[in-house]
């Protein structure tokens, strides 16, 4: 089934990619022409005192890759913007629904800018634009653009680069999942924090004390919480086998529901469904510090032998980890919140750093499919490293040799990573 | 580490000194400077200066969205930034759109208006120059919604008046209509979410003030995704310094950031002394052990 | 002497929480109990009005009224959200409790989908983009690349490059940390250690300001306000 | 049925949301936002489970006179009182139509006078724990720990005027060694490099995790029955 599913997803992605390319190309062909050369000049009745030379309209077109309601106006800056008379203050963008109708200001851009997005258009209505270059003494107008309409697009061409990079990484992960499933073995290095899990649970069992599991304080809409819960699934199974007590206070109701489901199934899998009780997981409060106040209370009163902190943490991380340290618990933490990592590193015995948190459940599961995905992640890392090294090298060579063509080439590749 | 050995020397016991003694020292270090009301000036660093310069170069009537994304817990640190930036924006005659994606931010928006904006800038007219849009729930989801349609979520201001009655709201259709977004962010959601869901997709300049703890996380977004960041009380004090340099009239005013800096400096020293003390003990102990065991650990 | 009930309550609660530093005690237990109760009630009541009423009811009710008039509106989709929410509650009935897995599956699927994209763009692609600079070379205005102004900056760029690179090496799962690779991973851990140390040191300051805020309240609002 | 349907839901929702990110056109463009709204709505329903659990736990504690049971009464009173104040909008100047946190309502009063000081005090405890953690953790035990210690110490020094005062003698070409400059350099260079490596790693971790979830390789959260 997995096999079929991964094939289906590859098929779907490829198909959708082809479709999106197609529609993107079609849109390009549809792009409106830029300027209406016969456009009349407006608003030059008063003899200017010291007006700047007006900016020239460059391209006026439907904004690329959006849901409609937006037209992008760009212009060539006035020669007096930052040079010449140097008296440009800003540009105003004016719009009308008929060429010689009444033009109203739809926005302004400070000097030095050459683009404005009018996000207040109605799809299907034809608009005309011009740009007014403003100085202290008044404004000078550009020519009027040709009529233009906004429309929504089916593929965001600006995100094509992100799409391709995502696709490559997905392909790598799925490829290795597929191969692992067929029985290919991969080497995986040890992660100290995960090696220690069994020992930590064993210690609690020996001491006859409970194990505290904190899945972070975010809800299930944070992937870190999901990672914490998947680790809980593995840990709970060992706990069930050792017949140790687990205490899991949570700060989100959905997390409570999910955690119960997860622990229950772990107990079933360990062959001890009768030992499971809903009381293992209990809700405290959604409030960050209310939660930590209660968890601290639980710690000093119950004195758990082992504490797991796996999920998304904020400032409360150190309050818990220090209290846990003061009661002499073995502490294993893991989070992808870079700000809290230092505290866990300082106060806990083991810390899973960022990526390791997400890899932990795969490690603990020992299932080939899961381990395969980790190998796929490494491919992503190799790509990132090659891109970084290669492009930095390329730029450096280009910069030293002052070669414009080389620079252009480097810019082009770097552009692939300019995700909007 | 073995916490329950039998016979311990004084040095060994000091190594695992009762935490409560450290707590006591920290409390004293914070209380004393506060009693004397001392302040400390800070030189402005580029990451703060750039946000200052950006606001300094905003043309009059530019639209600045200020999001009060913090609560009472982080207010001691972030309020001085909000005050400084509100003052600066008002000096530049920009239009201020104040909102909050933290429920707790609503009260703080109100107090900033009452205690800073109104008394110091009596010329600022509600609905024309500034508006308090209040709090809306939804975290980063709210930002996504505002990005496409501002008035879908904000159909009234904080007092319940229809939004279209305010002249300054007429040009606002979505977040792209703003010239600058400043988030005073105490955590999640905060500056990062503004960058991810508004600044990046819409190419809207985003700046922010945040707690010292979240500042290092935001550095990677600067300067490409963030105009500038004020990190912690130091960032606030730096911005106040920039403000005083440009508008010397503020030199006479009491500045929250600079006052906070003093208490912090003293407590820092206490912590550093403890670290030094702890390491000294550690090395003494190690030397003793080496003597006893004849080297090696 | 001036008595302000709010300030006295605040002082009572503040000192109760701080007393935990000495040791667990009934005073702290009272504060903790109040805190848990009040804050849980606060969140449930707030989100009831904000999410259930203004997001579900306000959007759904008009759409249902319209349905009776024969119109089908986009907001009818909120009905799905309502049904999913009710499915969640079916956990309370053991026989059909498994239905609660459906909304759960939706939540997990959507989280996976959305965060996939967010992290790919902001944490992945953008960070790679930011790292790509000419590490060394004369100031050039030929392209859109940031010029390297000083030797110091050049060295800085090289160090950032090495740090990012070796840091990534450290995270490799499928290769053992030994030999040259292990050396690189070791350098990577040094960079991580600097990162952790620096963030920690940087944070100390922020944490102090919170305490200062509280002490300020105790000293100025409570003691001086009452007796001064 | 019990497991296949949820797995299918996860697969479809996840895959569609990823692809929808690249389709600005209606209705795909709004999927992400719609989910935020859906999630909020589901979360409110789930609150009934969480709140119900809180009540049950504490009522049981009181009934069985377990240790510290009087405190459970305090929790229950606080919870139900706050809930009533919020849901019934007691004392709200605008009545039931008013904003739940309207100034002057009982809900807002409880928030301002009880919730806020508790929250701020709990947060303030961090100042003390930062002290005790740094005293214990910052020991030059080995090379890694020493690097951690030195980086932290330089930053700490750099955040105070004493750092500048200590090293103000270093001028000209040595001025980069002045502690504040050194601190900024650490934050801007090696710290940044480490952060980037962590962030890129996290991105890959999330991508791989998401794929495992979407493809149904990872399914612990749904239970592992019959396997």
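Letters A, B, C and D mark the chains as written, and numbering starts fresh at 1 in each.
As a working rule, contacts are C-beta pairs under 8 Å (C-beta built on N, C-alpha and C of every residue); 3 or more make two chains touch, one makes a residue touch a chain.
On a predicted model such as this, the values are computed, not experimentally measured, just so you know.
Just to be sure I understand: going only through chains that touch, what's the smallest number of steps from subunit C to subunit D?
1
Determine, using the mean of C-alpha atoms as each chain's centre, which chain is farthest from subunit A.
The most distant chain relative to subunit A turns out to be B.
Return the chain pair with more inter-chain C-beta contacts, choosing between B-D and A-C.
A-C
Go ahead and note the Å separation of the Cα centroids belonging to subunit B and subunit C.
It comes to 16 Å between the two C-alpha centres.
Can you work out the whole-Å distance between the CA centroids of subunit A and subunit C?
14
What whole-number Å value describes the gap between the mean CA coordinates of subunit A and subunit B?
23
Which subunit A residues touch at least two other chains?
Only 67, 162, 166, 169, 221, 223, 226, 254, 257-258, 261, 283-287, 289-290, 293, 301, 315, 338-339, 341, 343, 345-346, 353-356, 359, 374, 377, 381, 384, 419 qualify.
Two or more other chains touching the same residue: where does that happen in subunit B?
19, 23, 26-27, 30, 73-74, 103, 137, 148, 200, 213, 216-217, 220, 234, 264, 267-268, 271
Which residues belonging to subunit C are in contact with no fewer than two other chains?
In subunit C, residues 17, 20-21, 29, 31-32, 35-36, 38-40, 42-44, 46-47, 50-51, 55, 88, 91, 101, 104, 107-108, 110, 112, 114-117, 119-122, 124, 126-131, 161, 164-165, 168, 171, 192, 195-200, 202-205, 207-208, 210-211, 213 touch at least two other chains, as defined above.
Assign the assembly's chain-to-chain touch graph to one of these shapes: line, ring, star, complete, other.
complete
Any idea which subunit A residues touch subunit D in the complex?
Residue list for subunit A touching subunit D: 1-2, 5-6, 9, 12-13, 16, 20, 65-68, 152-156, 159, 162-163, 166, 169-170, 173-174, 177, 219, 221, 223, 226-227, 229-230, 232-234, 252-254, 256-258, 261-262, 264-266, 268-269, 279, 282-290, 292-293, 301, 315, 318-319, 321-322, 325, 336, 338, 341, 343, 345-347, 353-359, 361-362, 365, 367, 369-370, 373-374, 376-377, 380-381, 384.
Write out the stretch or stretches of subunit B touching subunit C in their complex.
Subunit B residues touching subunit C: 20, 23, 26-27, 30-31, 34-35, 73-77, 103, 137, 195-196, 200, 211-213, 215-216, 220, 224-225, 231-234, 260, 263-264, 267-268, 271.
Quick one: which bits of subunit A touch subunit C in the complex? Just the residue numbers, please.
For subunit A paired with subunit C, touching residues are 161-162, 165-166, 169, 186-189, 220-223, 226, 254, 257-258, 261, 283-287, 289-291, 293-294, 296-297, 300-301, 338-339, 341-343, 345-346, 353-356, 359, 374-375, 377-378, 381, 384-385, 387-389, 391-392, 395-396, 398-400, 402, 404, 407-408, 410-411, 414, 417-419.
Going by the contact rule set out above, which residues of subunit D touch subunit A in the complex?
Its residues touching subunit A are 11, 15, 18-19, 21-26, 29, 36, 39, 42-43, 46-51, 53-54, 57, 68, 115, 118-119, 122-123, 125-126, 129-130, 132-134, 136-138, 148, 195, 198-202, 204-218, 220-225, 227.
Can you name the residues of subunit C that touch subunit A in the complex?
The touching residues are 17, 20, 23-24, 28-29, 31-32, 35-36, 38-40, 42-44, 88, 91, 100-101, 104, 107-108, 110-112, 114-117, 119-121, 124-126, 128-129, 131-138, 140, 142-145, 148, 157, 161, 164-165, 168-169, 171-177, 192, 195-197, 199-200, 203.
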